[in-house]
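To keep things clear, I will list the structure first and then write my remarks on it.
To keep things simple, chains are lettered A, B, C and D as they appear, and every chain counts its residues starting from 1.
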Amino acid sequence: MKFNVFTQVEYSVRSEGTLILNIHALGTAKQSIITEELLLDPYIRADELHAQQGENRLVKFGVNTDTPNIKVTYRATVNNSYEINDFSNTQEIQVSELPASVLPYLNPSRYCESDKLYRMADNMFGYISNPFEKVLTLTNWINRKVQYLSGSTNAQTSAFDTVTEQAGVCRDFAHLGIAFCRALTIPARYFTGYAYLLKPADFHACFEAYLDGKWVLFDATGLVPLNGLVKIATGQDASDSAVANIFGDVMFNNMQVSCELAEDGFEPFYYSEGEFKGLSYL
Amino acid sequence: MKFNVFTQVEYSVRSEGTLILNIHALGTAKQSIITEELLLDPYIRADELHAQQGENRLVKFGVNTDTPNIKVTYRATVNNSYEINDFSNTQEIQVSELPASVLPYLNPSRYCESDKLYRMADNMFGYISNPFEKVLTLTNWINRKVQYLSGSTNAQTSAFDTVTEQAGVCRDFAHLGIAFCRALTIPARYFTGYAYLLKPADFHACFEAYLDGKWVLFDATGLVPLNGLVKIATGQDASDSAVANIFGDVMFNNMQVSCELAEDGFEPFYYSEGEFKGLSYL
Amino acid sequence: MKFNVFTQVEYSVRSEGTLILNIHALGTAKQSIITEELLLDPYIRADELHAQQGENRLVKFGVNTDTPNIKVTYRATVNNSYEINDFSNTQEIQVSELPASVLPYLNPSRYCESDKLYRMADNMFGYISNPFEKVLTLTNWINRKVQYLSGSTNAQTSAFDTVTEQAGVCRDFAHLGIAFCRALTIPARYFTGYAYLLKPADFHACFEAYLDGKWVLFDATGLVPLNGLVKIATGQDASDSAVANIFGDVMFNNMQVSCELAEDGFEPFYYSEGEFKGLSYL
Amino acid sequence: MKFNVFTQVEYSVRSEGTLILNIHALGTAKQSIITEELLLDPYIRADELHAQQGENRLVKFGVNTDTPNIKVTYRATVNNSYEINDFSNTQEIQVSELPASVLPYLNPSRYCESDKLYRMADNMFGYISNPFEKVLTLTNWINRKVQYLSGSTNAQTSAFDTVTEQAGVCRDFAHLGIAFCRALTIPARYFTGYAYLLKPADFHACFEAYLDGKWVLFDATGLVPLNGLVKIATGQDASDSAVANIFGDVMFNNMQVSCELAEDGFEPFYYSEGEFKGLSYL
């Protein structure tokens, strides 16, 4: 399905510094970038770089007080692509059978302290034998128990906080989902993207669990159809997949984001309890 | 310098499970493996795999209750190789000048919550302009203030705990050093290895800071000469560079480690306050 | 019912210091001390003092290196006294109706961070209207979910840790019970005592909730009959009701505790789900 | 010195609930209330109650949706009274010499986790032998290192956070001062009051340390003269001495506070490094 995505971010620069932005739609075999444009106003040379761990497309540029106000505009038309598979007969697999590239996603990370959640996750979800059902159940638990509350958390909030305090935003919902999965020995990673129908419009975060050899998408917020996402990045958590990393005395001022259909025929897809159909982006 | 390194680890297996061990000396252009042997008793097929993020050599194998006791033996003769450079004139560099492969080591991680230490690190060490001196000073601060106390911490202890509670073991000393560096916008990574003259013999952990285009070694414990290490792995922190990851009901029983000289002429090298000579493994 | 209680604690003294022990059975209108003896060997003058907040009987004495080994022996015969009431028709009451002396037990405290558990407690237990049933249900939840595991926690572990990590000892079980109650606006306090039938013999900790004008006992460990306790102290949590507070370089070496029947006819009393009979010490 | 103090607080009431306010100036032998008035608009019967642990004067009243908007007004003319003593020759005293009423202020509490700060406090301030100088030095350290930053913390922030994150408001400054003192075996308690010359006008929090048999005032914020305070309450920390405790769905809307001179001749008093004159309210 084709989407037009757009973002415009403005910064005030008060010292020499560096901005690393993670706002480009990912270009993969199956998520094709039809047109794309990045503008820095005023013009600054920016390097596109690929994060060490994957295919994420970062843009990095130095700033200084010669240009005290920077406006970054990105717009693209992207054709995303996904598949829906049936996980009714998914089995737990031993870690020894997992590919090496997937193993890092079993580790605890800055915002997903799965090492502190083993007993809790096992007490809550360990009884479920089908791994897809396990992840769907924990996703629904987060959706029902954690209150979506803007401003209740900050950039330091982690899954260990959220599991108890039970309030947060999409980033916190994703971190908790990931932490539960890893605590249950299911590889999981953070997913950021442009999201069709997200209100208010913003970047979105959710997560993917590795099931039957596929990265299957889950979104504990339930705010958007699962098939309306344009992938930007995947990673351990927001520590390596944040939309922006700012170094120096540079202030974020203002941001606009949008994600609109570029063709007709979109049919929203959500998971339902009791069904075992999972969506994977390609 | 040539070293004979050795480890033997025993596990009791009570369920199906997986062991991922990170005990192989790294083989690089400049750290050459002269001889090497890995034995699993009883014999189990093991896969060597390279961690996604680098050159670390992991060994992965499945276990089950058919072999309730497993003994893993690794021995190697390794020629390590390092250089010592002068950092007297090292300058701070902007993040925008760093290579892409180094940027992940500015992120906070599970055990190195640098995002919580910005003001503290800046208050303590921000006044020092030479980055080498900055890292040496913070390393010495850890050495003087944090008490080396076996059993005072556990696998969940992080730099945020250690900076306040001021007790721990080599892993905790390394995590705190890394967290301070990253909070000061200096890339830093975890380093594990075999350590000559470490008493009692054990695996060792310290850290590397990225200065003047090199990964320079620092060891806040001060327990061993810096040039007596045989590198096993580098990574974000113990979450991706631990000696062992165990999945399933498998109990660690017993471990021996040794690191001995395989040739003459070793001259121990330590840093001194006021000097600006830094050691980098190659 | 009459019990013989006994404890003997030994300390090594390496500097000038102070010991404050909280090992005396409480003497109240209804818990009578029949005989009692406190011995310090070698003899040191000790002051009995009453904690500011209540009737707890502390013993305080200075130590120094003239007496490098101290043995404290306490033995008493105590007649405890309790009542069992029916809480089938207990109603929630407004805070405005609570007596002033009870209000402090709604506050969060060092080991009972109820202020972080509001949403979680409400999500888990808020639907239950009878307050006795609410406390019984949360007590049973702790009993089923938290693993009793000696050595898994330390003196710094708090309810915020335990609710997630789900392992601990009697102190941790009590702290979590208290934190849940306070988060649900039910006053709750820490209770320590000698415990008949506790194996291995030790001091015991549980908690009381304020219901229908009475302090009703709950024990999430389920290790002992509720009517076999000889009360030592009540308080906010272990921060003001610990068995011992040590100041100076004084090492705890060894402890024995016992609690035996001094008369016949003991019939163990436990709560059952679905029943609404609660026990209060007098 | 005479002061006119005033506060007006407005709440929206959305459910049955209870408000407990701690806004009355303390009336003691030496802080005399000359005139005083409390108004609830609309009128609700309020109980004045004394907190269990001391002389604090709380006002408690039930609210419900019959009165959806409540305005509480308090105004008083108060004559405070203090003494200034010389602590040049103050000695450390053993805990065994402290009065029983002071001992609770050595315990860790919800927002002052002194039990986690022993090594850090000793490393930083343990070398200072005069206890007044010790407390003055740690107070000045907080003043220099911790950034006063409105909105950087919330009601759950504790000294363990602040010592590392080094930003906060007066409450956080006080909690850290208390935690350091207790970690150094100096009793310390939270102090709230009306504060002359505080800008912007608000309630103020600082702390008292127990030195030479007196509760001596320290204020790490340095925002106001130490002799311009009208005491409201002292306690363990904000958990028992907060200005307001709200139970039920009641929203704080708006607050005004003022503290003005009611007579001439005020001479502001601050501590100076190197001087050993300490102020105690009577």
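Assume a contact is a pair of C-beta atoms (placed from the backbone, for glycine too) under 8 Å apart; a residue touches a chain by one contact, two chains touch by 3 or more.
Bear in mind that the values here come from a model prediction, so they are computed numbers and not experimental data.
Chemist: Give the chains in contact with both chain B and chain C, ordered by label.
Modeler: A, D
Chemist: More than half of A-C's contact pairs recur, by residue number, in one of A-B, C-D or B-D. Which one?
Modeler: Duplicate interface of A-C: B-D.
Chemist: Please compute the C-alpha centroid of chain A, do the same for chain D, then give the distance between them in whole Å.
Modeler: Inter-chain centre distance comes to 44 Å.
Chemist: Averaging only over C-alpha atoms, locate the centres of chain C and chain D and give their separation in whole Å.
Modeler: 30
Chemist: Please set out, as single numbers or ranges, the residues of chain C touching at least two other chains.
Modeler: 116
Chemist: Okay, what are all the chain pairs that touch?
Modeler: Once each pair is checked, the touching ones are A-B, A-C, B-D, C-D.
Chemist: Spell out the part of chain C that touches chain A in their complex, as residue ranges.
Modeler: Going by the criterion above, the answer is residues 116-117, 119-120, 123, 145, 147, 160, 163-167.
Chemist: Looking at the complex, which residues from chain B come into contact with chain A?
Modeler: 16-18, 20, 49-53, 58, 60-62, 94-97, 100-101, 103-104, 106-110, 113, 115-116, 155-156, 185, 239-240, 245, 247-248
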